[in-house]
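To keep things simple, chains are lettered A, B and C as they appear, and every chain counts its residues starting from 1.
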Amino acid sequence: MFAYLAKRVIQAIAVMFVISLIAFAIQGNLGDPLRELVGQSVSEEVRQQLRDELGLNDSFVTQYLRFAGNALQGDLGTSYFFKEPALDVILKKLPATLELVFGATLIIIGFSVPLGVYTAIKPDSILSRIIMGLSIVGISIPVFLTAILMIFVFSVEYGWFPSYGRGDTVHVWGYWQTNFATADGWMHIILPSIALASIMLPLFVRLIRAEMMEVLQSEYVKYAKAKGINPWRIYFVHALKNTLLPVITVGGVQIGTMVAYTILTETVFQWPGMGFMFLEAVNRVDTPLIVAYLIVVGFIFVVTNTIVDLIYGLVNPTVNIARMGA
Amino acid sequence: MSLLSVRDLTVKFAMRDQTVTALNGISFDLAKGERLGIVGESGAGKSITGFSLMNLLSRPGYIDSGQILFEGEDVVQMNDKRLRNLRGNRMAMIFQDPMVTLNPVLTIGQQMIETLMAHRKLSREEARQIAIVKLREVYIPSPEERLEQYPHELSGGMRQRIIIAIALLLDPQLIIADEPTTALDVTIQADIMELMLELCQSNQVGLILITHDLGVVSQMTERTLVMYAGRIIEAGRTREIINDPQHPYTQGLINALPQQTVPGQRLKQIPGNMPGLASIPPGCAFNPRCKYATDLCRARVPEIVQYSEVAVACHEVQRLHSDEDRQEARA
Amino acid sequence: MSIETLSPKPEPSRWSKAWNSNMGYSFRRNPVAVVSMIVFLLIAAASFLAPVIAPYDPYDPGSIDIMNSEYPPVWIDGALPEFMLGTDDQGRDLWSTILYGTRLSLLIGICAVALQAFLGISIGLLAGYVGGRLDSLLMRLADIQLSFSTLMVAIIFLAVTQAMFGSDTFNQYAVIFLIAVIGVAEWPQYARTVRATVLAEKKKEYVDSARVLGFGPMRIMVRHILPNSLSPIFVISTVQVANAIISEASLSFLGLGMPPSQPSLGSLISSGFDYIFSGSWWITAIPGVVLVVLVLVINLLGDWMRDVLNPKLYKG
């Protein structure tokens, strides 16, 4: 357990190091911090002096170490636009994005497992054919188009759901405002969650189906049948557990894509999360905010991937995690 | 009454553009506690016979016609519930490759206990105790610990012992063993066979041993079926078949055994290959490889008839024998 | 006369065998595949003939009149007969703009996948053939690359590039940036599959015999091993083209791809999005439908190909 965990943590630190290097390189090359501070009407001498004071003439390594040191203390610079610490700006937006991802993940897990298992068990049924047909249409519609289509149909034409924003939220703790406490909040989060889930749900249905069908052909499933085991136990204990191993791996890979999709979804629904904020920061060339976003997203990505690895280790007995020293 | 009685069993495979016959009118009987060997090259239909007996063929294979009477009940006609009650309970199966037979994500204990609980009303603890007893019977050291282990933590020989223990869990009437030692190291093959023989004899369990190894059959079984291209071509007491084979194919198999060859000489292999299921020649399927083949052999499928001590499906069996007699006389 | 007799290969490649026995037959018998192929060819032909077919040139500011903006398609009241599918927010003929936009989307998708395939196949062959340390290093890199989502990498790369160079310079080279970023990000897909095939083929006798005959590693790889990787490469490529088109559209929708002055399907949908609340749905809807149909037929062809060729694909 310890060795496994230690390996993951070292890997995570390595990835964070690379991300911080990239972020630092972006910070150094994007925009001019002096101009943001003092504007252009300052003499060259004063500029040089300021550069020295700000440490901009130090060596690359010194500058990076200062950057990394500050980052470790939670100081990712001050947003040019908001005139606030960049990390604070992001942390205020983070709950909106996380709740959106949470909603989409619920939809994906809640539907992909039963649909994937059903289409694998009954591959020739009419319902399976319909599900598989819809799934290929589903993976062919980009997330932003699904989002637009839903706004057009459910907001513009029928007016059932609001088309933008978070609506009424309730303060929970710190910066965390939740959508899940009011009916209005629910109404606002439903369409964006579905849109965010729209391309991954069919992807996972197809993946689970393919893996499950392969597992159902395996010798150990045949053997379970030969032992007279109840088919439901064969499907949901013998087969599904083996099916989930590759699915968990792919799930880990998809986390990054999910973050990218939040940018698309938030843009369409003007959802006040990190993704929407990031695009605005790009348009305003708000370098500290761009860099902070990169680091926060990288951090989330590394943490979730490590968690996924741990889950994989728990499900797969050949990865020795639960047994110490054995 | 015999324990198992197979009558005219025909199994077909529905392929994309054609349907091929994998088993063609197989009939045989098995008495209670009797041990039967089924021998043949790969593709002859041995394993398909084994799976058919449990009605476990997976698509595209299916039982086309025939009866499989087990304790008087036709397995072919059973509904799913009856089949589940049969499988693992009254009739158990030992698969070929122990490395892939056990589910990798379930512990040995889970896989044994679920089998018991699928067929008997037992508490988990009672089931565990039975599992431990059965593991002892197959000489597995410290069985309590094994129950907590996953398959990948055990060697192939150990896994096959566990599979044998699972087969014995519910004291079945019949065990079907499909090449149970082929995937194992040569050194442990004999141990496993010995164990199976001992357990079948002491528990009065019927055994159908599917193998390509005539040597194993002669040690393990009382009767033998020889299969070729989906048909039984020779059947009888194992001793007679080994000592005095009647069908030219069986003779070829026995002559090809290394024991039959003077050291330094080439093994006497039967020329040619067994035909694929889609391209079985008309008449006797063996005729292209048979040096005694006549026009009749190429035209008509031989019936299986009693000859001497065994049943054999060969048109030329009488001529063959007189030939042999003549050769012996000349020698 | 069969292909095998024409080219004396040590072993008929899986591809030529599949083509002769199964491929054509299964294609003719599968109406979905036939229809998909026809639709794809129609879209491809129309878009690549855009300069000939299109009644207007959407890139020519002289032919655009802002007064013509937001006319609906001809089947709706208030349309102008000369604009079959209506006009967009800038007064461009939507039909012409879609033709040109589809051409861009397809071009970027195909070029990006060609780049992916080139990089991935080269690296995969190298890793599989050389083996050892280099192999494990390259595959580790592939793992890391795969775990970063392409779209995420592309968004950050393009966003930073745009902020660094400014919109004008960025717009000028947008096509190249898009091809480069989508093309570089997805090489591991190919590399892993090709490597797996190389490892499998390397064990076979004919590769040994080719080596004994004194053929160099280059020749062995390109002439002997590569043909055996063709069917998985084909299957991957179709799916990848569909994905690349979606990625391009998504990036352009975010304003990180093709500029509105030179719109791909994604940027066209993006510019129309502001107008769906005012009722001009067609600026978004029609390019959206074209995009979905294009991606869908490619995915359907990919699905069919996977069923027929049934290659061993590397699973992540």
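Things to note:
Methods note: a contact is a pair of C-beta atoms (placed from the backbone, for glycine too) under 8 Å apart; a residue touches a chain by one contact, two chains touch by 3 or more.
Which chain is which protein? Per UniProt: A, C = ABC transporter permease; B = ABC transporter ATP-binding protein.
Note that the structure is a prediction, hence the values are computed from the model and not measured.
Taken pairwise by the contact criterion, the protein chains link up end to end in a single open path, with no chain closing the loop.
For the interfaces A-C and A-B, the C-beta contact count is higher for A-C. Relative to chain A, the most remote chain by averaged C-alpha coordinates is B.
Chain C has its Cα centroid 53 Å from the Cα centroid of chain B.
One finds 25 Å separating the Cα centroids of chain A and chain C. Once the centre of each chain is set as its mean CA position, chain A and chain B turn out to be 54 Å apart.
Contacts with at least two other chains are made by no residue of chain C. Annotation for chain B: no residues touch 2 or more other chains.
Interface residues of chain B facing chain A in the complex, by the touch rule stated above, are 54, 56, 58, 80, 83-89, 92-93, 95, 97, 100-107, 114-115, 118-119, 150, 152, 166. Residue ranges of chain C in contact with chain A, taken from their complex: 144, 146-152, 155-156, 159-160, 162-164, 242, 246, 249-250, 253-256, 266, 269, 273, 276-277, 281, 284-285, 288, 291-292, 295-296, 299-300, 303, 315-316. If you check the complex, the residues on chain A that touch chain B are 217-231, 233, 237-238, 241-242, 245, 315-318. Looking at the complex, you find that chain A touches chain C at residues 15, 26, 29-31, 136-137, 139-145, 148-149, 151-152, 156, 163, 246, 249-250, 252-261, 263-264, 267-268, 278-279, 282-283, 285, 287, 290, 294, 297, 301, 305.
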